[in-house]
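Please go over the structures that come below.
Shared between the two complexes below is chain A, which pairs with chain B and chain C, respectively.
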Partner chain A sequence: METFNFLLALLKAVPWSLALTISSFGIGALLAIPLCMMRISKRAGLRAIALSITVFIRSIPPIVWLFFIFFSFSEFVVQLNAFVAAMLGLGLITAANLAEIYRGALQAIPAGQREASHVLGLSFWDRASAIMVPQVFRYSLPACSTYAIGLLKDTAIASTIGVPEMAQVAYQISQQTFKGLEIYALAGGLYLVISFAMAWLSRSVDTGLRARIER
Partner chain B sequence: MNDLLSNWSEWLPELFDGYKFSIQICTLALLWGVPVGLMLAIGTDSKTKLLRIVSICLVELGRGAPVLILLQFFYFGLPNAHVSLSSAAASILALGWSTAAYTSEIIRGGLKAVPAGQREAAVTLGLPTMTAMRIVIIPQAMRICLPPLLGFAMVMLQTTSLCFTIALPELVARANDIGSASFQYMSVLMLTGLMYAAVCIPATVITSQMEKRLSKHI
Partner chain C sequence: MNSMTIENHNSSVHPSSDTILSIEGVGKKFGTIRVLEGVDFSLSSGEVVAIIGPSGSGKSTLLRCINQLEPQTEGIIRVGDVVIDALHAPSKQQLSKLQRKLGMVFQSFNLFPHLTVLENVSLAQRKVLGRSKREADERSMQLLTRVGLAGKAEMYPSRCSGGQQQRIAISRALALDPEIMLFDEPTSALDPEVGLEVLAVMRELANSGMTMIVVTHEMRFAEQVSDRVVVMADGRIIEEGPSKDVMRNPKHERVQKFLTAVRDR
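Now for the complex of A and B:
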């Protein structure tokens, strides 16, 4: 019975974990676009800046980013909600990683397509929206979804600044009841189940897209 | 600016002590995690069904649960089973497990990348399977996986920052102590971030150079 209550408490925290995963992935996916464009720019200066930003963001642990954003915003600007701070921090890290994934996907598009679209006189926006973006989306989907699953697990870090997601609930229950073994095993299992669900979802989307192209 | 620098020089020894601790924990976790990762890599492709199932379970659990949960499971959970670990022991065990799980996939890729002819030649020469593995396959596989393993080691160093949640006095824990005592979170966290970056940025550069050098031949 108690185990059931633990599970119920954890399940109530699942929406927080998912909301944090989705929102920080969304922020990252958008910020990664300019970063990726800088990374493949013709200007060496822009390329160097983008590379430095990427390497710098990835060289500092997520927990330090989260603390930095959470505490220094509160110190100097405005008291930031823990969820917003975690979303911004994880979004930043996601942007650095997704920019590299996008870049890999862009390189997978045959150069002939870019040349052909130039020859056809397509504008930048037509080229981007009709030719590049759909293909980048398709090529990067597997890597992006793997990253999103990793991100779900990284959201556990948000528990350290007090976002009431799964790891935070597990911590609180374990401190109140001293039944850490059960609650952490349940929490771990729950993360695993959600990861599997995400992997299944991405695979079925991927298969669907493939079926549409190969028709 | 002067205030910042004088604060930094005041905090640096304390933070540096914490950093040494982080690096020690990371090294110990890698020292037992990578060999276990190799064993799991071989185990997941084993012909013995039991060995295969056990290996796959260990890998999936180690990768599927967040490291934070693993850490807290070992530290807050195991006392229920009458096993009380110090925070350092719990960190080394949990991070080592995570290392084993992730590196097993890296190493498995490396083992697969060794041309099949090498294995066949070793068998033809009459080498026993284990010997062939030890002196022919594994050395070549390790060369292939060295860059990703180094990349992973860097990630693991950053992951030690999570041990702060189980009261391990490593870098982030020290920074947090200083921050809560002085209310200067921003400057102490800046210094902390720079300390991580000072190790990880050169490591990234070296790793990508190695990757380029190794892939030249392919």
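Now for the complex of A and C:
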């Protein structure tokens, strides 16, 4: 019965973990677009700036970013709630990583296609929306979903600034009941189930897309 | 066709009214490497010109200069009323006007793998010419039928053979109603047998009066289908004339050697 209550408490925290994963992934996926475009720009200056941003973001551990954003915003700008701070911090890190994944996917598109779309007279936006984005999506899907699963697990560090997600709830229950082993085993199991679900989802989308081009 | 051949004769001296492409003193350097030098050339409406010559002679680069995939570093390229001078970077409007007049077929087809055959042919018609989906698809089907591939419309390019992909690429270029079609070694990536089906489509296109420049290693095509042959070596045009004359009685020793080498293979 006690185990069941623990599980219930953890399940209540699942939406927080998922919401944090999805929102920070969303922010990162969007911010990564301009960052990636700067990274492959013809202008050396833009490329250098993008590279510095990427290296800067990736060199600092996620937990440090989270604390930094949480405290600096609260100090100088507005009182930020813990969830928003975690979302921004993880979103920033995601952007830096996804920009590199996008860049790799863009480079996987043969140069001949760019030339073909040039001589067909397609505008920049038509080229981007009809040719590049759909293929980048396809090429980067496996890497992006691997990253998203990693991100789900990284949301656990949001517990340190007080977001009531799974790791935070597990910590609190273990402090109150001294049944750490049981609680954390349950939490681990839940992370496992969600990760599997995400992997399965991306797998089926990927095979679906592949099956389409084989038609 | 008769009136055209008469005017062709004039065009070799002074560009006549039906000259739709003229190239004056075009050169191209990649860094310090020179790939084209002092190329002069003109093309009349309805004419089919084959450009032949050894690898690395600048044939493809010349073609890519014409549509500005590689902007020339010297000289002037005129296509209709669009004038591209190496001295001034062309404006976006000039470039898009130029692209509209020219269709290009690549050695490696360069179809879009994530779009169906029909979508490949229709895409630019809708985005660039503003045709409705119905209009575009109708035109695409017409062209795909012409190249014998109507049955592949709903498939993806990966399901088509190289020869089929190239015929789709030709349809994609034709769909935009270009004034001149540029072919960059369209059969070089294909098995000889498969190349024939592509050459048949090109022959039919030439007979229908399309103006074409074909960079090729297909000597039979150069001799039989083209009106004129241009031979390039080391970035220059070394011989040029009616195809039968150039192919049978080349004047230039280098051309004689090249043709012998190609034929003896």
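As a convention for this text, the second predicted complex is superposed on the first by the 215 of 215 C-alpha atoms of A that agree within 3 Å, B and C clash if a C-alpha of one lies under 4 Å from a C-alpha of the other, contacts with A are read in each partner's own complex, and residues count from 1 in each chain.
Note that in this section contacts are C-beta pairs under 8 Å (C-beta built on N, C-alpha and C of every residue); 3 or more make two chains touch, one makes a residue touch a chain.
All values reported here derive from a predicted model rather than from experimental measurement.
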Practice task
Would you check which partner chain A:200 touches, where first means chain B only, second means chain C only, and both and neither mean what they say?
Solution key: neither
Problem - Partner chain(s) touched by A:116 [first = chain B, second = chain C, both, neither] - result: second
Exercise for the section: Figure out whether A:67 sits in contact with chain B (first) or chain C (second), or with both, or with neither. Expected result: first
Practice task
In the overlay, work out which of chain B or chain C sits against more residues of chain A.
Solution key: B
Exercise for the section: Look at A:170 in the shared chain and tell me whether it touches chain B only, chain C only, both, or neither; answer first, second, both or neither. Expected result: first
Problem - Footprint of chain A on chain C - complex, ascending - result: 67, 69, 96, 99-100, 102-104, 106, 108-115, 123-124, 127-128, 154-156, 158-159, 169, 172-173, 176
Exercise for the section: In the complex, go through chain A and note every residue touching chain C. Expected result: 110, 112-113, 115-123, 126, 130-131, 134-135, 138, 212-215
Fill in the blank from the handout: In their shared complex, chain A is touched by residues of chain B numbered 60-61, 64-70, 72-73, 75-81, 154, 158-159, 161-162, 164-165, 172, 175-176, 179, 183, 185-186, 189-190, 192-193, 196-197, 200-201, 204-205
Practice task
Would you pull the chain A residues touching chain B in the complex into a rising list?
Solution key: 55-56, 58-65, 67-68, 71-72, 75-76, 153-154, 156-157, 159-160, 167, 170-171, 174-175, 178-185, 187-189, 191-192, 195-196
